[in-house]
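Sending over a structure as structure tokens; questions will come in a sec.
Every chain is named by a letter (A, B and C) in the order it is written, and numbering of its residues begins at 1.
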Amino acid sequence: MSSIEIDRVSKAYDGPLVVDSLSLSVPSGTVFGLLGPSGCGKTTTLRMIAGLLRPDSGDIRFDGVSVLAVPPERRAIGMVFQQHLLFPHMNVEQNVSFGLRMQGVRPAASRSRVDEALDLVRLGGMQRRYPAQLSGGQQQRVALARAVVTNPGVLLLDEPLSNLDTRLREQMRALIRSVQRRLGITTIVVTHDQGEAMELSDQMAVMFDGSIAQVGRPVELYARPDSARIARFLGATNLIPARVVDTTAADLLRIDTPFGSLDVCPGNSAPTTGTPRVVASIRCEHVAIVDRHMDGPTDSGVSVRDGARNIFAGVIDDVVVGAGRITYTIDVRGTRITAVEVSDAERTRGSTVQVRLPCDRVRLLPFDPGLAGA
Amino acid sequence: MGAREATIVIGTGSRGRGFDSTSRGVRVALWIVFAVFSFPFVPLVVASFAFRWHWPSVVPTEWLWTARDASTVPVGWAYLFSRVSQLGPAFANTAFIGVAVAFLAVALALPAARVIARYEFRGKSFFEFASLMPVIVPQISIGIGTLLLFLRLGLVRTHVGVILAHLVPTLPYALRIMTAVFQNLDHGYEEVAQTLGAGRVQRFVRVVLPLVLPGVATAGLFAFLISSNVFLLTFLVSGGRIPTLPTMLFSHIESGAPLDATTAGLVVIVSLPGIAFLLLTDRLTGQRLSLASLGSPVQPAVGGRA
Amino acid sequence: MAIVLGLAPVTAVLSLLFIGPLLVALAQSLGHAPIYGVEEFPTLRYYARVFGSSRFRIALLYTLYYAVVPTIVSTVAGVALALALRHPIRGSRVLIAVLRLPVVVPYLVGAAVVVALFANGGLIARVLFALGAIGSTGDFPRVLFSAGGWGVMLVYLFKQIRFTFIVVSAALAGDGAQYEEVARSLGATPVRALWHVVLPRVVPAIVTASLLVFAFNFQTYEIPYLLGATFPNTLPVEAMRRFNAADLSRRPEAMAYLMVITAISGVVLAAYLQVYRRWERGRRRS
């Protein structure tokens, strides 16, 4: 299994840089998620790793050795594309054995490896079928088997689930995860779906506009984003424009928000620019709705010295009932706060509730003129 | 609400039958057209079996099979299949030239079609437009010019000369059809093959070629068909020394009487490549590609970049 | 580099075999033909001779006449047929198969068919005689070898109505029926749906077909040669006559004819395209 280093790689097509001096390193045997909105350059990066595109500058190394001069067919990679792209004129067995044939493996020897690979993706017995006779999920599983049958050092997945429906996606995610664990193959998965990236990756990077915004373990990125844009991209969150007013207390930080002052636990600030203007982010599922006279700090699971702090009254403005979870939009003195409750007890629209913003769940992010007002 | 429902019902029901499914009057008219349009070949097929067909008889006066032994000069099929006629060499020439032209046209046009379908480059639309010119420019100008050129090059009255001359009307079609074929081919297949370790040659042989083969075969068949139909270029460049089916038919029409049995038989034989083409292309690609490609050559010129 | 390599074979072959012959003919038309003892390059003498002769002007008119009339008739008939057959009717597969055959056979087959049917001793004349409508072959109207060019034009129609039908049908195929249904569901009558939704989508195909048909009719040699009058006849026939003249020094004049045929054909086609594009732009604007 190869480790991968990307060293200050840039790429432009016919104008601005699509990938701008990007560096990454993926340890051997791990899964790395490359997450970003469409057009951020993540697929371009993946195609450069595959060798299908040449970087304008920078270097790409497998196990410390530059592969820039190596054509894709000799990079020992396996790749699954957004479209399954099974060769329509070959049956499943011929498709899966294609890479082995290219390596000169004899048909007799390749047969057992093809069978193994198909068993791995739970498609044993489908060898004689043609791609057109398979369902979408089956096609993508064959594509996965085809990519890994040669035991490549690197597995590259380009939006492998985006053409599948929700249920198939979950199955396929689990399958990719189990295949990767079984083979221990260094894997890079490119996706625009944060859930997919978080579930699949050991490490992940969020990418905007050709550059990496933040790298880390999925839980870290989710809980401790560096910017409002990252916070929002990784999941539903409340972004509140605020101003730091008191930094004197050692144990608490006080900020001013449009609906009142808020206490924030220290150590939960992104490296800010040092100005007092900030954005406070709190994930929707961390906003606790408490009934009027209740005063227990039980929701967050972290003991807080003063449970009464950060409690505000608000009116429920909108209710959206989802599967096992209910999303409320609450008007707190003119600021709309979104809260998600895992519950099946629906609160009524227009009722007055108390909203608690646990101080250890509020993260301070650099001021962002593009998002603060939204 | 009622009207809305009605609309929906009509909408779903119309797929097979069509809610204004062709009216009875139109249908009858179409069958009359059919009768008229299929009629012309019938008298010629009948005439090809006639030994004598004197004015003013509406059917042959004497049939071939009743008079065969009595005659000293063979006519109709008897003549065509006798050693005196040039049908054998004409058939062989037409087939040989057509096959050679088909292979050459495909081989020459294939790399260009690939490039046009895959790359954007300066002068691309001009190239596409210019490559269609041989279809538009008067054949007689090209033909006589070719004759003069080939006189100098020593290619007149040679098979090579005729084959080269036939490339001019066939290449534009071959290029056009194969460009469409390559445009329909997803570039991703080649990339997949590349990530699986296939080199340039392997990618082409194992992936690209099998996928484009039906389209390439259609282009080849179309080139063969055009070649087997060309009269003027063959007539000029062959100098009368290389008979083909069209030149043979030309001289029989020029000298024969109406309802001449030999001409009629020749018409049937000259139509064989066309019939074969229709049968083969239907089998190969379904009728859409073969039909659409007939009209496509000047599409970019017409569609234009207005 | 890959681009140059890919385009090179076709470019080389067409330059040699398409542009080459045209340049040779052009050079001869301008007086460069040492083989026939003509060496007065460059001269416009032969063009002057062509344009100065009344024979040329008559031939030009007949060429246009033989080209335009069948183009109009086959376009109207072919489009009508395509529209009539756009929804499958019982047996339309057979109908279409029969319609297709003449398109893929040489025009000479059409010539043979027209001769068999329309010659003065042909089948139609015989049927009319049997019915008592005519008394002798001389009573049958002269269709072939006449200045009216009916025989020539019938051969063109034999193939071109069907050709237009096929091209327009191909354009109508696909999702056309759905648009028509949408129009109908929005309250369009069948005729209005046809006019506003179906026809506009196939205009490019109609233009393409008629353009190819005209381009062919304008320059074809063998059909007017076989079935047209000795005089007047079309420009290609006149050109070939001069080319085949015993006096080889007349060949530069034949070449001038060829160049003029090529130029006029190009001008007419370009003008037609221009008109179409202007119409298309106007349509898009409205």
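Quick note on the criterion: a residue touches a chain if its C-beta (ideal position, glycine included) is under 8 Å from a C-beta of that chain, and two chains touch if they have at least 3 such contacts.
Being a predicted model, the structure only gives us computed values, none of them experimental.
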- Most central chain, judged by mean Cα position vs. mean of all protein Cα atoms, is B
- Item | Highest-count interface - the chain pair sharing the most C-beta contacts | B-C
- Task: Look at all chain centres (mean of CA atoms) and spot the one farthest from the centre of subunit A.
- Result: C
- Item | Centre-to-centre distance between subunit C and subunit A (centres being mean Cα positions), rounded to whole Å | 63
- Message: Centroid of subunit A to centroid of subunit B, CA atoms only: how many Å?
- Response: 56
- State, to the nearest whole Å, the distance from the C-alpha centre of subunit B to the C-alpha centre of subunit C. 17
- Sites on subunit C at which at least two other chains make contact: none
- Multi-chain contacts in subunit B: which residues touch at least two other chains? none
- Task: In the complex, go through subunit C and note every residue touching subunit B.
- Result: 2-3, 5-7, 9-11, 13-14, 17-18, 20-25, 28, 81, 84-85, 87, 89-92, 94-95, 97-109, 111-113, 115-117, 119-123, 125-127, 129-130, 137, 158, 162-163, 166-167, 169-171, 173, 177, 181, 184-185, 190, 204-205, 207-209, 211-212, 215, 218-222, 226, 236, 239-240, 243, 254-255, 258-259, 261-262, 265-266, 269, 273, 276-277, 280-281
- Item | Interfacial residue positions of subunit B with respect to subunit A in the complex | 186, 188-189, 191-199, 202, 206-207, 210-211
- Item | Parts of subunit B lying in touch with subunit C, wherever the complex brings them together | 7, 10-11, 14-15, 18-22, 26-27, 29-31, 33-34, 37-38, 40-41, 43-44, 47, 55-58, 107-109, 111-112, 114-116, 119, 121, 127, 131, 133-149, 164-165, 167-168, 171, 175, 225, 229-232, 235, 246, 249-250, 253-254, 257-259, 263-264, 266-267, 270-271, 273-275, 277-278, 288, 291-292, 294-299, 301-304, 306
- Task: Name, in rising order, each residue of subunit A that touches subunit B in their complex.
- Result: 50-52, 71-79, 81, 83, 85, 87-89, 98-99, 102-103, 146-147, 150, 156
